[in-house]
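In the two complexes that follow, subunit A is the common piece, with subunit B as its partner first and subunit C second.
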Partner chain A sequence: MNINIKIEDKKTYEFYNPKDTVEILYREILKKGIWKLNIKNNKEEKKDWWYESKNDFEKNINLLFSKFIPKSSLRNEEKENKDKYLQFIISELAKLEEKLINFNFIKERNQELTKILERYGYTKLSFEAICSWRLIIGLGGTHPQETSMTLHHVYGIPYIPGSAIKGVTRHWAILKFADHSVKEENEDFSEVLEKISKGLEKGENFDLTVDGITFIDLIQIFGTQKEIGKVIFMDAYPISKINLKIDIMNSHYPQYYLGKEPPADWQNPVPIKFLTIEKTKFQFYLLSHNRNLLSCAEKLLKEALREHGLGAKTSLGYGTFDMI
Partner chain B sequence: MFREKRLLFLITETPLHAGSGSEVGIVDLPIQRERYTDFPKIESSGLKGCIREAFEGYRIFENNESKLINNPKVNELLEDFPQLQESWVIQQDKERQQKTDKNGNKLIKFDEALYLLFGPEDEEAYAGAITITDARILLFPVKSLKGIFAWITCPMVLERFKKDLEIIGVESFRFNNFNNFVNTLPKESNIKISSKIVLEEFTFDVKEDETTRNIAEWFSERIFPNENSYKFWREKIKKDLVILSDDDFRQFTKTSTEVITRTKIDDKTGTVLSGALWTEEYLPQDTILYTLIMFTPTRVEKEDQKGVFRANSPQNEVELVCKFFEKGLPEVIQIGGNQTIGKGFVRTNILRKEV
Partner chain C sequence: MSEKETIITKLEKGRAEFAYNCVKEAIKFLDVRKKKEYRSYIRKIPQMILSNGLGQTLAFIYSKKEDGNAYDLIYKQFINYLKSDSPARIKIPTNENELIEWVISLDSYNYRYVTEELLAFLNWLKRFAEGMIEEEEE
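Right after this comes the complex of A and B.
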């Protein structure tokens, strides 16, 4: 159900949401046009337009981002629309941060949780890291506008799920052990990689020690189908101002990637915009009953963060962190 | 039969997946639900197992001997039950010897207490002295256009909660006829946009109500532990609690759970392994559930088998059992799957007795 409501600049845009909700959205999310007088023909001409929240109230960013997406009903505005819409998300998050003092209450509660777990025999290891450039998690998630980003299910803020942190640490460890093994045995890298990857999954032991970490340590840290891993990788939350930025990927040979035509210069580039997190500080927590495994996991995680990167587009330098 | 009863609040600190197996549907790994209402729940057997495991975390096996770890909670337990560290001695063929488990570990009185409380782990047949019901849902967090999120509940849930409170003898929840409060919320709520609220993409007409405010306040004072780190949530629940109709509540608990898409990275290519993409359903962070915990005297015949719970009357025995549980229950337990990526951490809070 969508309805068109004429707003100030006489242009239309639509929401694909229930009717009563749409009415509220029209009241709360305005699209303002900027008009200027063209001296040549003495007519008012539209220069630009922009979404803006009418009232100063904190909105759920996840809802705005994934469900309440304004769509321009004018053909020539369609492309710009996504850009403006992402900018709107950024400005709403900034408003929210200001009002809720950088979500300090989440930080405090996480601290309390890990402090309690320490009382029950867990050793806690926490460190802060800042993403050196840009970070994008969940880019390929389901989203009406193709490019997504992982936001917290209830609070709606960007965060790094523990699964992503554990996954990249494990992947890094496998690369590292394979690399070491190849240097010693002079075998084909991808074969060794597969062997080690399978070995870690099944819990087979290899007689390998890299930087003081044995393969048995790896098996214990990450666990196998038979035995649970002994290190807990908690979600990482932002602890400084969250800098959201609009990024762009620009496929120059779209027809080629669709498998239809050879790559050629007559194809039109298709710019696709997406949100990234830039230079934001995160708090990482690791927990374990075993101090040795914990420090091995910390070492691997920090290396993975520094040298491999977390999330999507790591081969382009996204997702790397500097430890603080 | 049950002489001591308690109500235990469970606050999910991280998303919780109490799984019900796999399913051919939108979600590959759904959560447990009540058969007749479709409300999320946690099966009591799983819950009891988690609580037992948490208690077992207080002791470790060193050189085949059971030993209590050094932590504040254990020290508290030892104050009331000083014998817990002593050897668990049994009479076997006219000879007294230390009890061992099936792996040959020598056990102590603490292990005996766990056997008596939760049930034995060897061939001996007697029931445990604790009964735990399925954890039921009380409040469910839903994204709100305004005010970030709201907690929702419904008349059926509130009615059931009231009855459960009556079972354990708590009378301060003096509210009735919850059907009259459908689509109401407390005064000065943060989530209201004139006379409407928007939860997920749905709009509801709501009214402010004094009773709903009182209900919210009752929750605010009791659900969250009295700690500074919960201040934000205690204040929030006072304002942002909405009573929806049973059907609307059910719909949200069906469709607004957290569904996480998991992938596995192919180590060779660094991309998603084909075929390794699955979805898991979670109860979101800040879901509030509760369970009833009931205690009986120990279920063993002979006095000398009753260990630290031995007392001069059944009533005193129950009180000792209950005290052991209350003192020993960790503030945080882990329930459900995917512990190693930080899922399923639950804060426990026993509702204190009110006079």
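Right after this comes the complex of A and C.
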């Protein structure tokens, strides 16, 4: 009763884009509010509000996320704005997902691509993994809202870049080999870590074998400045429904982290919201001419995904995967 | 061909000179901590313009600027640059002092010009800031 859904006036939200673009954006992105009649003073009051878009126009989520950020120009709504805008991104992605039937075309394209490479003598290895809790990649990227997320430039969906997959595998391999050689030689861990990391970079051989993987295998898998790696790490795309969730980090001692004051309980926490991917299945592809290197890389990658985690905030349990 | 080159060199020299003076200004007026911030912000801004657009970036700088901090100086220097003789293609009207307001009042065509112009300027600003302000040593 007495509830009214209104399309809010253009003046209540702004875009920082060129004038002609803004005109288009105002037509596509609407701000709507729920207004309720207060019987006591017979005035309408705003209860809630959100951003909404017209259904007949597919939007690139990446552009929406990075370039078309609407900002509420009403003082009391400003704090909520980021939350509403992230919700808008989530609902737009869900709409697009429904329309494009779970982005099946991307899965098919990747299969085609790997088939072509197989024709040229590559061996393909693929497996599926589901992130056991939450995953955030590219949190530290530049973004006016200060927390970012890597979205595909063309498809606009979250994905895991091949560089991130290769990077975490390499990092895991270095940790693993350093751990092994510390146990054998009783040296300082950080020194050994640096030695092995430099060795892998320059392609110097240490006479090490861990779990049947030799150091030469590592050099060949990842490559050096002079020679390219012999295993291809492909981008990983989601193959199940993409669950985007709004997450929050809350610095309790903001002044302390700015280096201005000692940590104390009278400082107000500052909640910062960001996007994460939750319990979503991804398809990983590895390709190589050499079957032995391929299985070594697979072993290392699976371990890294299970034990170390991908992306940001891995120390808090983000980004770990279960193999299927 | 040679004439075209001279125009480009002239332009780039103008930008370089302006950027050099801007960094000198920053060194003179900012304290040690803010100088380092200036350096790191200048390094960060071009990337932000490319991934998020000029309007969003300026809105971000605008929201962060407070009297006398590094973002404030950067914002002012952008306005001064766009008012000077250095930019080739587009200039901000002399009575306009809110860069962000002006930028979002442009159409896409001119918006792109301003973006290109500021990126070209930042290219020099970045070089001088990196060279003239020392990196944190710890």
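We take it that the second predicted complex is superposed on the first by the 307 of 324 C-alpha atoms of A that agree within 3 Å, B and C clash if a C-alpha of one lies under 4 Å from a C-alpha of the other, contacts with A are read in each partner's own complex, and residues count from 1 in each chain.
Here, a contact is a pair of C-beta atoms (placed from the backbone, for glycine too) under 8 Å apart; a residue touches a chain by one contact, two chains touch by 3 or more.
Since the structure is predicted, the reported quantities are computational estimates derived from the model, not experimental observations.
**Student:** Quick check on the superposed pair: does A:Gly141 touch subunit B, subunit C, both, or neither? Answer first, second, both or neither.
**Tutor:** Touch partners of A:Gly141: subunit B and subunit C.
**Student:** If you stack the two complexes on chain A, which partner ends up touching A:His171: first (subunit B), second (subunit C), both, or neither?
**Tutor:** first
**Student:** First (subunit B), second (subunit C), both or neither: which does A:Pro18 touch?
**Tutor:** The answer is both, since A:Pro18 touches subunit B and subunit C.
**Student:** Given the touch rule stated above, what does A:Lys67 touch, subunit B (first), subunit C (second), both, or neither?
**Tutor:** Both partners, subunit B and subunit C.
**Student:** Just checking: does A:Phe233 make contact with subunit B only, subunit C only, both, or neither of them? Give me first, second, both or neither.
**Tutor:** First partner only, subunit B.
**Student:** Where on subunit A do the contacts with subunit B and the contacts with subunit C coincide?
**Tutor:** 17-18, 20-21, 67, 141-142
**Student:** Considering only the defined contacts, which subunit A positions touch subunit B in the complex?
**Tutor:** 17-18, 20-21, 24, 28, 57-60, 62-63, 67-68, 96, 105, 108-109, 111-113, 116-117, 119-121, 141-142, 152-156, 161-163, 165-167, 171, 174-175, 178, 190, 193-194, 196-197, 222-223, 228-229, 231-235, 285, 314-315
**Student:** Can you check the complex and tell me which residues of subunit C touch subunit A?
**Tutor:** So the residues of subunit C in touch with subunit A come to 44, 47-48, 51-53, 55-60, 100, 103-108, 110-111.
**Student:** Per the contact definition, I'd like the list of subunit B residues that touch subunit A in the complex.
**Tutor:** Touching subunit A: residues 13-15, 54, 57, 69, 71-73, 141, 143-149, 190, 193, 196, 198, 200-203, 227-233, 258, 260-262, 264-265, 267-268, 270, 282, 284-286, 330-332, 338-343, 345, 347 of subunit B.
**Student:** Touching subunit C in the complex: which residues of subunit A?
**Tutor:** It is residues 15-22, 66-67, 69, 71, 141-144 of subunit A that touch subunit C.
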